[in-house]
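Just so it is clear, A, B, C, D, E and F label the chains in written order, and each chain counts residues from 1 on its own.
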Amino acid sequence: MKPTVVRKVARADVGLVKTLGNLGVATVHEAQARWGLMRPYMRPIYLTATAAGSAITVSCHPGDNLMIHAAIEFCREGDIVVVSTSSESTDGMFGELLAESARAHGVAGLVIDAGVRDVRDLTEMQFPVWSKAISAQGTVKATAGSVNVPIVCAGATVRPGDIIVADADGVVVVRRETAAEVARLGTERFAKEQKSRERLKSGELGLDFYGLRAKLSELGVRYVDELE
Amino acid sequence: MKPTVVRKVARADVGLVKTLGNLGVATVHEAQARWGLMRPYMRPIYLTATAAGSAITVSCHPGDNLMIHAAIEFCREGDIVVVSTSSESTDGMFGELLAESARAHGVAGLVIDAGVRDVRDLTEMQFPVWSKAISAQGTVKATAGSVNVPIVCAGATVRPGDIIVADADGVVVVRRETAAEVARLGTERFAKEQKSRERLKSGELGLDFYGLRAKLSELGVRYVDELE
Amino acid sequence: MKPTVVRKVARADVGLVKTLGNLGVATVHEAQARWGLMRPYMRPIYLTATAAGSAITVSCHPGDNLMIHAAIEFCREGDIVVVSTSSESTDGMFGELLAESARAHGVAGLVIDAGVRDVRDLTEMQFPVWSKAISAQGTVKATAGSVNVPIVCAGATVRPGDIIVADADGVVVVRRETAAEVARLGTERFAKEQKSRERLKSGELGLDFYGLRAKLSELGVRYVDELE
Amino acid sequence: MKPTVVRKVARADVGLVKTLGNLGVATVHEAQARWGLMRPYMRPIYLTATAAGSAITVSCHPGDNLMIHAAIEFCREGDIVVVSTSSESTDGMFGELLAESARAHGVAGLVIDAGVRDVRDLTEMQFPVWSKAISAQGTVKATAGSVNVPIVCAGATVRPGDIIVADADGVVVVRRETAAEVARLGTERFAKEQKSRERLKSGELGLDFYGLRAKLSELGVRYVDELE
Amino acid sequence: MKPTVVRKVARADVGLVKTLGNLGVATVHEAQARWGLMRPYMRPIYLTATAAGSAITVSCHPGDNLMIHAAIEFCREGDIVVVSTSSESTDGMFGELLAESARAHGVAGLVIDAGVRDVRDLTEMQFPVWSKAISAQGTVKATAGSVNVPIVCAGATVRPGDIIVADADGVVVVRRETAAEVARLGTERFAKEQKSRERLKSGELGLDFYGLRAKLSELGVRYVDELE
Amino acid sequence: MKPTVVRKVARADVGLVKTLGNLGVATVHEAQARWGLMRPYMRPIYLTATAAGSAITVSCHPGDNLMIHAAIEFCREGDIVVVSTSSESTDGMFGELLAESARAHGVAGLVIDAGVRDVRDLTEMQFPVWSKAISAQGTVKATAGSVNVPIVCAGATVRPGDIIVADADGVVVVRRETAAEVARLGTERFAKEQKSRERLKSGELGLDFYGLRAKLSELGVRYVDELE
């Protein structure tokens, strides 16, 4: 594919994005039948980091952050920049200066399948980043890439305008087309979990609550007092 | 081995467990001649997490937490649930709802050679977990496993009723049969270290304190002012 | 090479070391043309850890910390002990007692291409450590090694007396011969970044600021409104 | 997404597939501007393995090969089965019996982002497999998944009917829509490389041949006889 | 545990060991309900390596092969030496000279959760080794360990006298007490697979053969001609 | 350090290089007191690969092989090109065309702390390569680096003109200054091993041969018939 920057990205409804963000990664992931989770090596730089927004996608050459600069031009309030590299890299492709620039254009967070640096400054700025690595290794601006084309980031396909939800449990992608449905199912799930929580807290066993005793029996699990 | 749930587990003396917990992982590990330490990829979800208790062991199919539910029925105050999978997995097999359930049955912590999710909630609950990964990936309840049979978790053999001691340095297993002896040796070691600490703090060299100069000489280590 | 302890190490100027420490790892790394960074698997035991000092180098047998004891004898105020092993190890070769001893001899921090233990105590002491692993696994004192010879630590060559700068972004090595020049270039860079920060914060694009539009064009990056 | 088996898959032209297979992974990858390569952890079970065909995609639960069985029903002569799991797994989800079944339905090879077993039998059968791991660990048939939906396999998006080219250098995906163009560009590249080979073999330097001396100079690379 | 060498090891019946070896790792693993498999990082040094025998267990300090020498004294015809280290190591703890010594005492192979060296010589000798790494790194003989005590090797518990079966698919452990039963079940399984092979080869689908269509339906898998 | 190409490299004596190559990696590594071994992740692309020669060192930007082209100009008969990258990379930075060019200039092999491609062609050419990865991922020629400056490759420092010895056990570096001494010690070791081999083959125990029984006793290893 020829290196390409796509200017226009359709974003999801802001209220929908907020709902999904409030539900959190684990609930959203469940609500869409466990689809769209990035690999667990993607970790936030600080434990309280959370973010939800529309994806601006960036495909870079490893060790080269030229296209992140190109992407910021098309960011809007609440967007999340999602960066992949054409091959594996741990270089610190994003740092505090770029974060200042991104924030000035409304960017709410960064998800990068590579490294990040200036993590103490980013933590103080409360600019949330999920990355594969933390590394001071700087990058060049020498090789072409693309902005707002579909990418694979940490094992998940991300299209521009997809909704990204990220917190301490990881990063999940929601397709814009299914976002309303996922929000609805997630909200239902959340309500249901509130009730489950009360019963489990009171000591009712999951075995009884979820009706798993029959399952165990059907699977041939035997109960004994002691191993002979 | 046929999938089996064993109901009865002999626990160690509570006072002994408490003593071992206070000594901490490093001292206990030393006191039993460096036996029983899990691999260092097992990390606590928050740095201040500590736990000591009797092991309830669980062997699960990867990506399936059915048997954790089965295990909670046989937990008592102060137990630690130790989970292994029949092959490598990073799935989030345990989360906040299960933690509420476990806590209602007295469980003092979880050690899992797989993933965990809802880590912010678990941190707020101060429910200590040591795991290989943090992942929102949910699990099914479809395949049989065992409870309270001997397992291998992160490189260490754990039998039901073994004592688990866990803190920021990792997780160590103590056999019930040797726990009293380990506690005694650990307590002696701790007292001895108090004295060593004072002498080292005052500037006495470990070389002199531990009598290592002769060792270095015997091993043929030469001292020079400069490399020629 | 015969196991050797070298007694004399030429240190860098204290003011220079302080300047480099204030600049931080990312800026120092850039200022010396991205040379001397250790691999990103080297992480601080607590996020606010920072250190800068002259390297006392130690080469150990894996699972054996005898030579760290030998090294402390030649440490002075502000030194940083840098430890490598002759083959890969995650053992906890350094802990709280050794830290007390090291601190009594002026040591300002430890960088170790292996494991560390007692991390909660070390954090309370605010004794900064960068390591590959956290592990309670103890070590023996049975095999010879060297002190103050050139070593490779986490992918970087370190010579005794080299300046080590370490913070949340990693660890970088500066040769004593080039330290003054690196400090000068780093300070210039820092000043320049202050100005860049203001312009980026105000919303000026990196594309314009760094003059990257021509580059993108020259590299054949095409701009489109939508992907056809 | 609801678990779904899609019956109909549009395949690429057989001649085109053959051409791409003959060009090999490295040339095809170059011909499509370095797009579509799977991560290098995907390795053939024997060094001489090569395959090219249309993708039948399978998404499985980790440790569960139910959906591979479901996929074989829709395979045709020359197809390549491409398997991903919903989370990381190294289980041996495919072995000799399944290979006999697959071969009976025309399958020309398997690409699996998990484990494979019976590798000696598969090697004797000359049934080519690219996998992340070799493991005897068996799998259950207990959890739903999908067949012939878009998947991410080892970092690359694969849609049913995409062309898979695999050899000792790895695995690359070609979109059916661009296959003819990629074949054309790859063939041109191959012809060009034949000429380059002759000149390089005769001793002409790549520096001169590719005109890189100016580049080096422009980048500020200095030439010296010795390091001062 | 005090460092201990146990002289007497009860071995399994030679015929039984041979039967298990002929069945191979995958079949034996299935026949004992998927128990006892070592982690898949254990790989043979040559693809045709196979071995089956009684385990002589060795627990070493990392980087120290003293106890392998101690173990050979108690080896007999057909034994397999199984080595673990007290913490992770990739050192080449075994090479051609030790293999000559081991062979002279009847040893039929080595399984080591660490490194091996002289792999070309070992391949020429057809001395089968399964290891975590290949490394020329030599080892010392300075620290005590144990022989013929229970160990954990690559995630599996091995007791002296357990039967080890190893081939291109990995390494599996069989308890002496259950070996006859496992051999019987494995032989049955092998016979059954012969029949399955014929039917699958003839084109019968696993779906029909294993009766999985009902399962898919019960799990809610839908069939469609095309994705809408 | 400014990007620099150094033209002149002092090579070691050809006979010496040949002697070291014949001794092999394990013996050479022992002969220089276990110094200079690269990390065990460096593997040959075919098992019978062996090479010995003088190092031409190359430092590249990850994903960029410009400087390998620059290096070939200064290669001579029997040289070995040793490539490192400024940060971690698995890209296929070297392939068959470059191998033809390198061979035309006398290059006897390549050692690269990154990826290689065209491995079947390279194997057919019998051009030996040791690498971290095999990957079809191509590289650009856009960023400056250096030739014939000291580098760190896979954990070992390599200076231009150092002797590289590589075989199935890995890669070791020998300083030109110590090469004669290492060759002498290695040859002695080899002769000694011949004698040891005979005695070990005849069944004499390493315990007796190396006099280890006293060591075991001194270390407190106890011998028992059975574990109580």
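We adopt the following convention: a residue touches a chain if its C-beta (ideal position, glycine included) is under 8 Å from a C-beta of that chain, and two chains touch if they have at least 3 such contacts.
Note that the structure is predicted; figures quoted are calculated from it, not measured.
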item: Contacts common to chain E and chain F (chain labels); value: C, D
item: Shortest walk length in steps over touching chains, chain B through to chain F; value: 2
item: Contact-graph distance - origin chain B, target chain C; value: 1
item: Interface composition of copies chain A and chain B: same or different, split at half; value: different
item: For chain A paired with chain C, centre-to-centre distance based on mean C-alpha positions, whole Å; value: 30
item: Inter-chain centre distance, chain C versus chain D - centres from mean C-alpha coordinates, in Å; value: 40
item: Multi-chain contact sites of chain F, meaning residues that touch two or more partners; value: 2-3, 34, 37, 40, 86-88, 90, 135, 137, 143
item: Chain-level touch network, classified as line, ring, star, complete or other; value: other
item: Pairs of chains found to touch, sorted by chain label; value: A-B, A-C, A-D, A-F, B-C, B-D, B-E, C-E, C-F, D-E, D-F, E-F
item: Chain F partner contacts - residues on chain D that touch it in the complex; value: 25-26, 29-30, 34, 37, 40, 43, 47-48, 167-170, 172, 193, 196-197, 200-203, 205-207, 210, 212, 215-216, 219-227
item: Chain F to chain C touching residues, read off their complex; value: 1-3, 32-35, 37, 39-40, 86-88, 150, 152, 155-157
item: Residues of chain F defined as touching chain D within the complex; value: 2-8, 46, 66, 69-70, 72-73, 90, 92, 95, 97-98, 100-101, 103-105, 115, 117-120, 123, 133-138, 141, 143-146, 149
item: Residues of chain A defined as touching chain F within the complex; value: 61-64, 86-91, 135, 137, 140, 142-143
